[in-house]
Amino acid sequence: MVKGNVSLQKKLDSACNSILDQVGRGHVADYIPALARIDIKKFGASILTIEGEKASYGDAQESFSIQSISKVFSLTLVLSKIGDELWKRVNHEPSGNSFNSIVQLEMEKGIPRNPFINAGALVLCDILLNGRSTEACLSSILDLFHKVANDETIQIDEEVASSELKTAHRNLSLANFMKSCKNIHHTVQEVLDVYCHQCSIAMNCEQMSRSLLFLSKEGLDPLTNNRIITQEMARRINSIMMLCGHYDASGDFAYRVGLPGKSGVGGGIVVVVPEVGVITVWSPGLNKNGNSLAGSAALEAIARTLNWNIL
Amino acid sequence: MVKGNVSLQKKLDSACNSILDQVGRGHVADYIPALARIDIKKFGASILTIEGEKASYGDAQESFSIQSISKVFSLTLVLSKIGDELWKRVNHEPSGNSFNSIVQLEMEKGIPRNPFINAGALVLCDILLNGRSTEACLSSILDLFHKVANDETIQIDEEVASSELKTAHRNLSLANFMKSCKNIHHTVQEVLDVYCHQCSIAMNCEQMSRSLLFLSKEGLDPLTNNRIITQEMARRINSIMMLCGHYDASGDFAYRVGLPGKSGVGGGIVVVVPEVGVITVWSPGLNKNGNSLAGSAALEAIARTLNWNIL
Amino acid sequence: MVKGNVSLQKKLDSACNSILDQVGRGHVADYIPALARIDIKKFGASILTIEGEKASYGDAQESFSIQSISKVFSLTLVLSKIGDELWKRVNHEPSGNSFNSIVQLEMEKGIPRNPFINAGALVLCDILLNGRSTEACLSSILDLFHKVANDETIQIDEEVASSELKTAHRNLSLANFMKSCKNIHHTVQEVLDVYCHQCSIAMNCEQMSRSLLFLSKEGLDPLTNNRIITQEMARRINSIMMLCGHYDASGDFAYRVGLPGKSGVGGGIVVVVPEVGVITVWSPGLNKNGNSLAGSAALEAIARTLNWNIL
Amino acid sequence: MVKGNVSLQKKLDSACNSILDQVGRGHVADYIPALARIDIKKFGASILTIEGEKASYGDAQESFSIQSISKVFSLTLVLSKIGDELWKRVNHEPSGNSFNSIVQLEMEKGIPRNPFINAGALVLCDILLNGRSTEACLSSILDLFHKVANDETIQIDEEVASSELKTAHRNLSLANFMKSCKNIHHTVQEVLDVYCHQCSIAMNCEQMSRSLLFLSKEGLDPLTNNRIITQEMARRINSIMMLCGHYDASGDFAYRVGLPGKSGVGGGIVVVVPEVGVITVWSPGLNKNGNSLAGSAALEAIARTLNWNIL
């Protein structure tokens, strides 16, 4: 059902070519040993429209660690399970602080500012556990990936997961803090286990664009007509991506790109263009805010070239 | 050129009628004596589309104090004058704190988080002064209002302005703080003078919808074909409204309404629907975040009824 | 060598009797189950002078959990081992925040404000571990207690220690945070183990007064002539007790009592009177700052009655 | 009644000589133009005991701007007028932040942490105004100086006062903030006027030692037998000097010197030795915390040489 589109491909090529000097700049996330080894020169991009037209560039078929982009999937799962009940345990405001800040958490008594900062994502994991084993929980998370990507091959990179678990002191600090505020119900170890494994899912740009296509069509997968989530919830996920998707650089991303998106320290960024499609880019070099340096530049160029902007 | 639209009017009536029980609830801004006297039972709403179709409800032709909505106009003026130079003196990230917080200002050495918190708007006034007298500066601000509203009758309510100047201690604190950081160049008194007068401009819902119509058409006034600002800058103003338009409830507004908007403590809220039009509501009762309680509910109902949502 | 003193006893009785209406008020520390069971009506007091004169009141011979008072002992041990090297890893300023605050820790990149807030005491434990097993480390800590108290019977209450370890989420959060800042060198579990056991040492008022007598005689035990620590270090420990001994109520304690002291959530408070002696009080009911309510009142009365004040 | 003491003089000489290499280091307070001109090489020291024995060194008879040391005098005046009523409007805890921080003020709703940070001292001035003109208020403040110094020649340096008033933006920010919290009752301009004039009082080291001699004798001037303040209040002023006298370096000063003291950005530091006397030092070069660099070193040396330490 998915097919190439010559004009779309030309525009993607032109936009990506214009920012190639940015590739290789910045720094690779070095606090996770398994990520520190990635070649900083990698760059891939993929577009998929709701009509099933696609275009790819560079390393679009090479897997990367999706890291925080996984939070969009766990938010989808939690909202489809418990809906607005979620907001009793997490807020949905921009944080104004960096992704792993604990200051806000103390001020607000253990309620994370939004589901995309680490503290918020840990609460999502706690909710998804729901009394089950970490294996059962992770299996249900992978099920969602397989369903929305229409692809059963997506897997967790166990080496990355185990590397993250060994260096998770900051996240352990956040989880223990919320546990002391009674906003984590399972053991901290179980929550961290789910969190680190979910972050370690490996996907390529094309898989990622396919996976989140339902968010560009109000919750409906436009290629299969499967409803993944309600229209209302899809829009709300997009609003949280728009306001909180890039940590404390969310305002700058909205200013420059004007589209809901989510980045990860693995160097991936995915952007939803409502009623149009999805763009995914990947390049491991990060800027000072922890977002892909070349990826951000590429998205800005792609969105401008295609004139895809909701504002 | 502007004309009524029966179907639009019916939908506006239906949406407004559904939230009338909210009118009169909340509290009127009481720190400005001249505002504290306003009848909390007032409620008006106005829609204007880029095709010039309009609909009005209730007190849509009664003037209210636009207060912080004025910041959209001064941002437009500053961006059209100095463009991205602005961002050396103000950031464009959500604040995560309340509109008059000084904490963030100390942490970030006198650089306000965005142009819509009070500190940021004070810097806008300082830039607009540009060595001129406060009268000359205010005159150029009013010129913009007259131009975008296509209406020369819009004026400053001098009684409100003088009332605000007398109780401006918090804003004096913010301005003096930034002056000590060398981010205010004129005297604090001049800056406050411009700020309080600009906030005291009085408009009704219909005038407000007309005024910001250019933001729903990428910077071009669709009814006169006058370009007010570039496409790029119009989108960027919209992005800042989307992320920062409702103080520390911006995330909630985006979550529930999904459109760029700006509120004021006078009880007005204006929302831009890109490629569609503008909605303005007014009701003086405020919720705990300082946004119109009935107005927020009305906007949510109107946007849902019309299915106007960019996400 | 220690002997009763009739006049001292009369004054202690009179001071204690004057505040008996405070006994039983406040709340018992309830986050540690083994402490929550203590009878809130208990009250003991003990004075020991550098001449070996003593006076006791009420439950002065009943053991209580010394909790944070243990930090004076670990500070003594660390300063006698590594001296001013300590200050590379902990500061010695009042915190201005509550005892388990993590905000300051994030602002100051994992360097605790002083050795008496929990974060600082955890670093002391990390230093004391020094590559050894927790058993070896705890044994060396107990050695100090036995030496300064001249009493080999002082022991850890294992039930309290195990109760604390089960509810140590906030301290786990602090330790993991510092570990992520590389200011904890052993495993978080080892550090917590030492910390919770050290806090669970049980002593009575008389033992406590005897133990810290060396701090009232510039580091020399006046009854045995053993030097415990240098004059300079003894004074410095006293200065930290004076400025930081009562969490965010240290200023109030200095204002009302004017003597260096240290409190614990077990309800004990010990006060050093330089060149004079030591006063210990114990009563489990705590005020809102986590300090013994009746104990604080008693100390104020005792110090006033005896006119013991260094200011 | 005051007389030289050969042995005291020798010890003072020896201590001061040992730190002469520190004189001229650091930076002179440059935000007040009239202070920026002071010769950084100046150094004076003065000791006065409760027996009336004195010793002086270097520029001990040259006037300097006492700046924040004036806060000890205004605190004395306020406590003698309204006693513990003061604590409804100011706290007496160490701040943990720098002297002009506004963060704490926002967190604690306009109640300054203690009377020695700028915000607290501004409240003291507001209390001293008590409905009077600034002239009447300043006259009553000068009366206290004349009385405790036994010297009618002490005056305000009007040039410094006017220089401070012109650059008082940070203090205007603090005062306006507290005014917005209703913790300033007079106009901000009146409060600033009193504050800047009081800070601009000029004294030399000998006058300063003489002035605060009453704090080393529990509120009684030992040379005239005049009671300046009650014993209890004198001790309480000393406790606040001990805990809050050196901004966010108060812990370090207590650690190194172990005596209550107060510093000013003019380069003066005064230290009270209970039951013994007063030491004043002056040298304009400041360290990064805003305390006299050579002065701090001198005080540490003098206190050690004389073995004057209350801990």
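Before moving on, here are some points about what is shown:
By written order: A, B, C and D. Residues from 1 in each chain.
Here, a residue touches a chain if its C-beta (ideal position, glycine included) is under 8 Å from a C-beta of that chain, and two chains touch if they have at least 3 such contacts.
Remember, it's a predicted structure, so these values are computed and weren't measured experimentally.
When the partners of chain A are compared with those of chain D, the chains appearing in both lists are B, C. With centres defined as mean CA coordinates, chain D is found 32 Å away from chain C. Put simply, the C-alpha centre of chain A and that of chain C have 48 angstrom between them.
Averaged C-alpha coordinates give centres for chain B and chain C that are 56 Å from one another. Each chain pair that touches appears in this list: A-B, A-C, B-D, C-D. Partner chain C is touched in their complex by these residues of chain D: 91-97, 104, 113-114, 234-236, 238-240, 242-244, 248-252, 254-255, 258, 260, 274, 309-311. Note for the complex: chain A touches chain C at residues 101-103, 105-107, 169-170, 172-177, 179-180, 188.
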